[in-house]
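In the part that follows, the structures are each spelled out as structure tokens.
One chain, subunit A, links the two complexes that follow: it is found with subunit B in the first and with subunit C in the second.
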Partner chain A sequence: MSSEAITRPAENAARLKGDRLIDFGGLALTIVTLGFALMAIFPVYWAVVTSFKSETEVIASGIALWPSRINTEAYEHIWTNTNIGIWYINSFVTSALITAGVIVSSAGCAYALSQLDFPGRRLIYVLILACFMVPMQALIINHFVLMAQFKLLNSWAGIILPQLIVPVTIIVYKQFFDNVPREFREAAQMDGAGHFKTLFRIYLPMNWGITSALAIITFIGAWNSFLWPFLAATGEATMTVPVGITQVKDAYGIVYARQMASAVMAGLPVAVLYLIFQRRVTQAIMLSAGVKG
Partner chain B sequence: MADIVLKDVSKSYGAVEVLERVNMHIRSGEFIVFLGPSGCGKSTLLRMIAGLEAVNAGEIHIGERRVDNLPPSQRGVAMVFQNYALYPHMSVRQNMSFGLENIGTEKGEIARRVDDAARMLEIGALLDRRPAQLSGGQRQRVAIGRAIVREPQAFLLDEPLSNLDAGLRVRTRVELAQLHQRIGTTMIFVTHDQTEAMTLASRIVVMNNRKVEQIGTPMEVYSRPASRFVAAFVGSPSMNFIPVTGIETGADGLRINVAGAQLATTIRQQPKDKGELTLGVRPESLRVAQDGAGDITGQIALVERLGDRTLVHVTLADGSNVVAEDEGKSTLAAGGPVSLKVDGTATHLFDAAGLAYHAD
Partner chain C sequence: MIRDKRSEYLAALILVGPFVVIYGLLFVWPTIQMVMLSFTDAPLIGPGDWVGIENYVEILTHRLFHNATWNTAYFVLLTVVPNTLVSLAIAMAVNRLKGWQQGFVMACFFLPYILPVSVVYLTWNWIIDVQYGLVQYIVRPFNGGEPMSLTRTIPFFMPTVAVVTIWWTLGFNVLLFIAGLRNISPEIYEAASLDSAGRWRQFRKITWPLIWPVTALVLTIQLIAQLKIFDQVYLFSIGGRQDPTIVLVQYIYKLAFQQNKGGEGAAAATLLFAMIIILSVLQYQALRARGEK
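Showing the complex of A and B:
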């Protein structure tokens, strides 16, 4: 019998008596984790607090963890002197269309790779896997030239199209479809459903959790995307929020409160979305963790 | 309802042949059971009739139509899967309606058929539930209901009872037999359970090693097995096989020498291949002789008391092991000698190729 097994009854007896045993290892780990969490949240906190300070207070020496007076001038300035309303619309439309496009195309592609038998199926899958090895940045010049040739720069289509390539979503869907018992597809076949109906009426609704998780994480990714929209949208009318906020400048240099206010406004919709769908986002990260490598 | 005819149907996956020239004529309204061990090709054959597997060679006809090139939904058959394959996100009603919606059936007609099937299967109260909220038996009924609403020419059932516990399995078996009697539609049922086959089938198709070994009524298959495989596979406990050491022709039939004894049988046909012969006799035809004056003697190896009867495992003089029957109140014990009486009118002779010769 192991020593652990021998000591357990004693521990239990101690607990029953009301003696509390302190797990010092666990406590230390919790304190360290809490420290990291504070380090991660502090910049966000600082940005929010700074955005409510007056510029004088921002540049004053010393660290003020809370504004002496809540000042909304920075937000008023951003809202009235920039095109942030248009940027919001652009961000919302492009992110929503990217999300819809990625989900529909990835699910269709994954269904074909998982359920249909056609020549070159394995090769296509290997090529999709190989896409991981090529970072977005390496393709950006090709994308730019291609979009320029199609005259799609400074348009929603130009922002959207290169962002529809998301191999990880295909792989997550394929893994899910691979694990669906083949009898469901066969039952759908017996019921006279074609492949599209089988995909959209049987396979996807069978687990909306996966689709909603992938949709949320794709939407957040598209909303936060900076490099490609920055290159594809040079006119303010087509800029998305993350690109647009780089335009928030003052003739006399950087006004920190306004910079921070624009950053808060850019991140706010995503933060709200995250808070609402926190569990789904975590699920999506876990789903894709195994394949991201 | 329609006849189903299979003509020289073959199937292979690359170089691996899984079905070899299967011929069959299933009459309208029959309850046919495909029976055989795992891997014999019975499920593949069912799936070929359903249209879920392509036919490499041969023809399948349902009614007047040749169907082997038609998609599953156009063959006029409905299938019940082993794991039921009920769509988990749909209610029972939606599961049953889905197939009808796909072929453009009117909503009123769909509702009528679903309600009729639900009434017949006593699942009316479950129509708004999801499959996860149902028990195994209820899921089974819904799967059958989904098939019934399509009003098919034939039902194809792929081991539909195998996921149920023993008690429910027996009850569902009875209900399935009653359902067949009520609706009278052709049913093809795949199983490896010979009890299910014997109790449900109008005719049993015994399959082994890619081929059909025998097609016959349950009693034909049991009493006059076409091969040694069928004799061994059908019946529980299995038929006893005793090596034959010699054959003589008697007045009523062959006199067969086994394990140091000569048995009088009513087998009249001389085997064509007289090489290695085996006598087959079922346990109920090999009974313990109460007076000790049996045809053959041996040593009791094991006694199994089943209540209504006792199974006695006996080692014969030639080392063969057989199972004989005794009455329920048997006082026999392992280790003692026993004398067995053979019913010569219920014996079978098998040649080296497995071909059978039966007592008349």
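Showing the complex of A and C:
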């Protein structure tokens, strides 16, 4: 009477896996995986540890995995002797404005494409899809010329504007708006709500999760962007953190504690965002790549 | 009814408006300008005379352009397939873990991906430093006891930057592969282990064919991203000879921003633009042919 249960594949598989030899192999594999993970994160750890050493300890021979004394000299130095404070303001302001601009323009555009019927709708959608393929790196010269014409080089606006083109956000929003049942919109319009009210009171709140996910990765992307801010901001006062820390290091000579301190400062905001919102970050990245997560 | 239609058009206009303006001003216009500029002898900023296809002839016979093309192709070769294979292996290893182990391992592999490129550069520049870098402990025994600069020794430059790039970006690919692996029904593996198929056979007969759509996606995303490479290659070549390791976007940067040859730079940009658009269209067609998008 129990033969029926035993032939069920799941239980057979479980029984096979119970074999001691396979268990041992599995354990070894787990240990190897953990080892590789530690190796992968080690450079980050090493940068952080180095930043807390004194410059003399940094160049001492041997591998000291922990500073002999926690030393914040490097941080004090970069905060008092470089413009990192200004770069921080530049980075936060430009990244926040890029995020706000991308989210608002994308949500509006996606709502119109998803819910409204108007002439040129298909054309705009095709143009957005086409925009996907465009290598922004090829447009650097003409973005530079354009920003020079507007007299926006070395300004926040000059850094922000070319980074507002993020077609993928529109595509993701449109997919989510397409899935909102039509009854919600019809009910809202019965109550006399206009399109804007429908968007801001129903569609966006219903998709709050995806909005925050997209906002976080847009912010991370903007914070991390290098090539355009590097070209658009040539004065030390207008640089962003990731650009600034590579441009003034030559003046240091061999001062790796300070370099690592500036690297830690540059990476900290995005690392913290990722560690707090891991699930949202990975969800948004998978959606942007067109993979259902 | 007509009033309704009109209000719908108006709402659509307001919602789509910001994106269309941004798109036209910062994408369509610069693209047209880029092509126009490529047929003139203009400097970076300022007017120039029409010279026909002279810039293209100049570039296509320019040794540095050949260098840049080959170096870019070499970089693609060093990163795309190795990164994909390593990522798949890591994804499979991570996928069999559970609970905190999986979360921890995933965070270790993924964290580097969200860091700014300049943080990655500073961190590795310290690790490979010719005098005090950790990597020298490995390099010295292979180099007759002498330290060696991995980024100033030309044959080692691209492989070094490739390894750093793979370390930096594999988290993204691992994420996509894990999503793909989770979509493979466990029952298929259970059936296979009933047939007592070994791990390697399971991989070849089940995992590899079923994960192939994700593999193809990862390969094409990588290919297009690496053709646009600039940041790491530029940063690691600061202070050294740049021409032997120059890549295509760096070539555009050099022509336009360092040599003030706007027209020639635009011609090089147009060539890169065309190359990437063609590849993207092919990719899109391939994906659509499989019914993925």
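Please note the rule applied: the second predicted complex is superposed on the first by the 246 of 293 C-alpha atoms of A that agree within 3 Å, B and C clash if a C-alpha of one lies under 4 Å from a C-alpha of the other, contacts with A are read in each partner's own complex, and residues count from 1 in each chain.
Here, a contact is a pair of C-beta atoms (placed from the backbone, for glycine too) under 8 Å apart; a residue touches a chain by one contact, two chains touch by 3 or more.
Please read these numbers as outputs of a predicted model, since none were measured by experiment.
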Contacts of A:63 with subunit B and subunit C, given as first, second, both or neither: second
Which of subunit B and subunit C A:205 touches, first, second, both or neither: first
Contacts of A:184 with subunit B and subunit C, given as first, second, both or neither: first
First, second, both or neither for A:197, with subunit B first and subunit C second: first
Which superposed partner A:31 touches (first subunit B, second subunit C, both, neither): neither
Dominant toucher of subunit A (residue count), subunit B or subunit C: C
Residues of subunit A contacting subunit B in one complex and subunit C in the other: none
Complex interface listing, subunit C residues touching subunit A: 7-9, 11-16, 18-20, 22-23, 25-27, 29-31, 33-34, 37, 44-45, 90, 93-94, 96-97, 101, 103-105, 107-112, 114-119, 121-127, 129, 131-132, 134, 137, 167, 172, 175-176, 179-180, 187, 189-191, 193-194, 196, 214, 217, 221, 224, 227-228, 230-231, 235, 238-239, 249, 252-253, 256-257, 262, 265-266, 269-270, 272-273, 276-277, 280-281, 284, 292-293
Residue ranges of subunit B touching subunit A (in the complex, touch as defined): 50-52, 71-74, 77-79, 81-83, 85, 87-89, 98-99, 102-103
Subunit B-facing residues of subunit A, complex: 181, 183-184, 186-193, 197, 201-202, 205-206, 208
Interface residues, subunit A side, partner subunit C - complex: 9-10, 12-13, 16-17, 26, 29-30, 32-34, 36-38, 40-41, 43-44, 46-47, 50, 58-59, 63, 104-106, 108-109, 111-113, 116-119, 121, 124, 127-128, 131-135, 137-146, 148, 161-162, 164-165, 170, 194-196, 199, 220, 223-224, 226-227, 231, 241-243, 245-246, 249-250, 254, 256, 259-260, 262-264, 266-267, 270-271, 273-275, 278, 281-282, 285-286, 289-293
